[in-house]
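Each chain gets a letter, A, B, C and D, in the order it is written, and its residues are counted from 1.
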Amino acid sequence: MDPSQSAPHQYVLTLSCPDRPGIVHAVTGHLFRHGGNILESQQYNDLDTDRFFMRTVFALPAVESSFEVLQDGFDALAQGFGMRWTLRDRSQRRRVMLLASKFDHCLADVLYRWRIGELPMEITAIVANHPRDTYRHLDFDGAPFHYLPVDQGRRHEQEAVLGSLIENTQTELVVLARYMQVLSATLTERLAGRCINIHHSFLPGFKGARPYHHAHARGVKLIGATAHFVTADLDEGPIIEQDTQRVSHHDTPADLIRIGRDIERRVLAQALRYYLDDRILLNDGKTVVFAV
Amino acid sequence: MDPSQSAPHQYVLTLSCPDRPGIVHAVTGHLFRHGGNILESQQYNDLDTDRFFMRTVFALPAVESSFEVLQDGFDALAQGFGMRWTLRDRSQRRRVMLLASKFDHCLADVLYRWRIGELPMEITAIVANHPRDTYRHLDFDGAPFHYLPVDQGRRHEQEAVLGSLIENTQTELVVLARYMQVLSATLTERLAGRCINIHHSFLPGFKGARPYHHAHARGVKLIGATAHFVTADLDEGPIIEQDTQRVSHHDTPADLIRIGRDIERRVLAQALRYYLDDRILLNDGKTVVFAV
Amino acid sequence: MDPSQSAPHQYVLTLSCPDRPGIVHAVTGHLFRHGGNILESQQYNDLDTDRFFMRTVFALPAVESSFEVLQDGFDALAQGFGMRWTLRDRSQRRRVMLLASKFDHCLADVLYRWRIGELPMEITAIVANHPRDTYRHLDFDGAPFHYLPVDQGRRHEQEAVLGSLIENTQTELVVLARYMQVLSATLTERLAGRCINIHHSFLPGFKGARPYHHAHARGVKLIGATAHFVTADLDEGPIIEQDTQRVSHHDTPADLIRIGRDIERRVLAQALRYYLDDRILLNDGKTVVFAV
Amino acid sequence: MDPSQSAPHQYVLTLSCPDRPGIVHAVTGHLFRHGGNILESQQYNDLDTDRFFMRTVFALPAVESSFEVLQDGFDALAQGFGMRWTLRDRSQRRRVMLLASKFDHCLADVLYRWRIGELPMEITAIVANHPRDTYRHLDFDGAPFHYLPVDQGRRHEQEAVLGSLIENTQTELVVLARYMQVLSATLTERLAGRCINIHHSFLPGFKGARPYHHAHARGVKLIGATAHFVTADLDEGPIIEQDTQRVSHHDTPADLIRIGRDIERRVLAQALRYYLDDRILLNDGKTVVFAV
């Protein structure tokens, strides 16, 4: 069979660079000359920083060599503009590791969405500081599970194992699906821009333990959640997605926790979906999210 | 004409007291014996503090004397239960003072809703630290306007005038409709539970000036507003109402300010509407809002 | 051990009757005289129909006999007011049957919430027109499964089996968790007020097959879902809960279906939660929902 | 003064055409060669219809001649691709006519937003079928008012006057701000894609008079509003924007009408804002809205 006859492949290109006239023209010209057909494209000019961001989905006729040629040529173009860029075959699924603790609502939700095809990814590992039996009701559907308990005196060792696992499994993205352990600065820096966390958010904000109890004591009328990239500065990394829901004086701390679970799982799933489709670009301490 | 033949009057009773069996039975019994017909009733038992809250709307046949008798008798009952309570003829409009600064979006919105009958109140005064001409496009429809400029060295004097005005006009509620001046601790204490403020809210929160610029710099995906009772602790009083709206990286600080205006005016209007219908009860540092 | 020493039991009383003065006084008096301590109470006077609705949660000291006495006495009181009423020991879980078809997002979500204690119920059966293997990734955790395929010529027979199963398992509530089969008028009448369905909803509405494709073709900017009691008039029964979510021209029919899954499962879960806590009262063709 | 020294002008280009490779490359090349600097750009490929949509904001150095040259050259390019396109100097405000009836909440809201600079437009006329005195509390701030009463037997004549007014004032957009009169098919066709209406929307939908009463009778838990382009088929034109808000059994028809006012005015203002910034492109019977 002639490979040029098979179905076209889709690719996602993302890039950012200092803004100047001619970027889009150059990029689209390159794609055009190599037979690329643009299916979807979004761009953003940050007028504060004069930085330009772009995400383009394009199709190529399925001639194996054409993509290599396009990619090689793009490298030269990108250097000319000082671009940070990624170019990915959309059919190659991102390799994702899920970290969980005792509460499994985010883990269960991500697994369900993965199974029915909402989240196109390879799960490289499910890691938890609780044993497999804690999640006995969840079907991991073949995804490898690793029990890495955290012994207070030996945090460093546990994290070394975790770090090796990330490397050995060629994990691209680490998802903290209510993983209630703090990662070291070393690890968070290594995972910059590829480790997503979900946490509760309130107006006004609260620090410290038992946040839903604090929110209840303060009598808030809304509770929320934030998905963000993890940085060494806890809960302060670039924000990817947020949502809130109304509550009232009737809601007990237990009610807030229940409502919070719903917000957390849908905000995390949305952030993950954006990541898997290359929709999140880093812009200094914040994000450009080319949401659908 | 026999007054007993005229249409029945509606009254709103609100109360709170330490919880114990028999409160509702005693209250409804009192209303029942005096010919009261309950139209609407809400109650809340705070299981944390063992405090009970109730709001009841009832109608009485329009015999002038009956209300006085009912009210007098209720006082005895209330003392027995250690109640804080209010009883108001629903046709008597609350006396409200509006304070504004340069930005008039909340003022304009409250005035419009008042004019079309959404906010049943008497406006005792509109007070601003800018002259009448600043609001030349707004029809105050007969509401008296007072220009009370704030001279940094003479804040105390301006506030004294404001305080007298509140007293002389028998103002029950003061609304800070984007009034960008801080009230003294003395005045806020005097107005405890009857002074409502509206301010922007973010996840995470920001302190200080130019909050929308901070929110933009932080890359938030939601902005919000909070209406609360004013206390000496700035922006920390009991929360009445909150709302949020989605934003994105596309939104400039100017966009956030524009979107913020919409949230601010609708959150303030809602809080005011609750107040005017006696739907807000204070519960220590928070509120019980018997929302429709 | 003296049973009177054990923890108090909680009960939920719901009632509706023609409105007239004295109902709350009579009800609370009855509870008071039998040692009931009200923990939560909501009422609603429908001024259109002059009908009164009430839901009360109260605690009784754990003397076995006291509840019987209270219940017997209430019957007499209820007859005097022409009440429809229910009185339930809150610790007795509702018996619920789940019906599903091929798409299992609602089923999976309900099962997860049930397992972590969000939905206090006994699952009497999971019934599907697809075999057990279709749901092989779902842990039914002991809930009995029944495969009842629908053979077009033999709908009647399938429904007869289903009807018997509902009866034999003492099922109180039937949940159509995306059960894509129409129930007969006979069965829906038998299940009046105790069969909940979830379906997509749009503005404007669409009839017929492939609704998300229609919504896409029409270019709607919001999609939604409605949970309602099932009646013979398809998708027109009393509405319990609704929600919507924004969509855009970017969203394909597949995206709408994905977003719809999220709305459907959270709307159904909310409706079910209301039902299990006796928060839904029927008011002619609509509902009174005493939401938290 | 040398005009080439003055501040650059901004332009908005919108276009749609059959999709094919090379469109973006050609368009950006044309802008690039004429000194255009792209500030914002959005595009959409409708994979159902194979039609391509684009909106681009760009700046030109303020040499008067350059825009003319760019525009002329673009015409040739556009013909080659079979484009429908618009190109507008962003500083030239759209000419908008507002039509209102008795209820002025949308009119008042649009006027307020216009006055504070949220809606950059020229108001060519305010037209109503009620006299000026109906809106005596509104400051039209110089916008001409026309009282065009609708006499049932003489609809045709009133509409002829309206049609002339639209033409004579070079009105580009007509906004039906709760204008409760039906326009003829002739006029709606003449105004295709440049006449926006706002109307209530429910799930399920209702036809006919007193829609909020119907919604109340049906017991809906959400009410909404839709802004759409007007077509001969009443309330069925391309949807621009929609929103909903929660309601409950407590809400009377009057409450629904009040809540509806809020939704209507914010949905209409949003649709108008999109139009004024050339963000709405027609795509057969629906819209592509390049929302911020």
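Keep this in mind: a contact is a pair of C-beta atoms (placed from the backbone, for glycine too) under 8 Å apart; a residue touches a chain by one contact, two chains touch by 3 or more.
Molecules present, by chain and UniProt name: A, B, C, D = Formyltetrahydrofolate deformylase.
The shown structure was predicted, so the numbers you read here are calculated from the model rather than taken from an experiment.
Taking C-D and B-C together, the pair of chains sharing more C-beta contacts is C-D. Centroid distances built from C-alpha atoms place D farthest away from chain C. Computed from the mean C-alpha positions, the centre of chain C lies at a distance of 43 Å from the centre of chain D. Rounded to whole angstrom units, the spacing between the C-alpha centres of chain B and chain C is 37.
Looking at chain D, one finds that residues 44, 47, 248, 250 touch two or more other chains.
By the touch criterion stated above, chain B contacts chain C in their complex at residues 21-22, 24-25, 28-29, 31-32, 35-45, 47. Across the complex, chain B meets chain A through its residues 44, 46-47, 201-205, 217-222, 224, 226, 235-236, 238-244, 248-250, 252, 283, 285-289, 291.
Those residues of chain B whose C-beta lies close enough to touch chain D in the complex are 105, 108, 112, 115-116, 118, 136-139, 141, 248, 250-251, 255, 258, 262, 266, 292.
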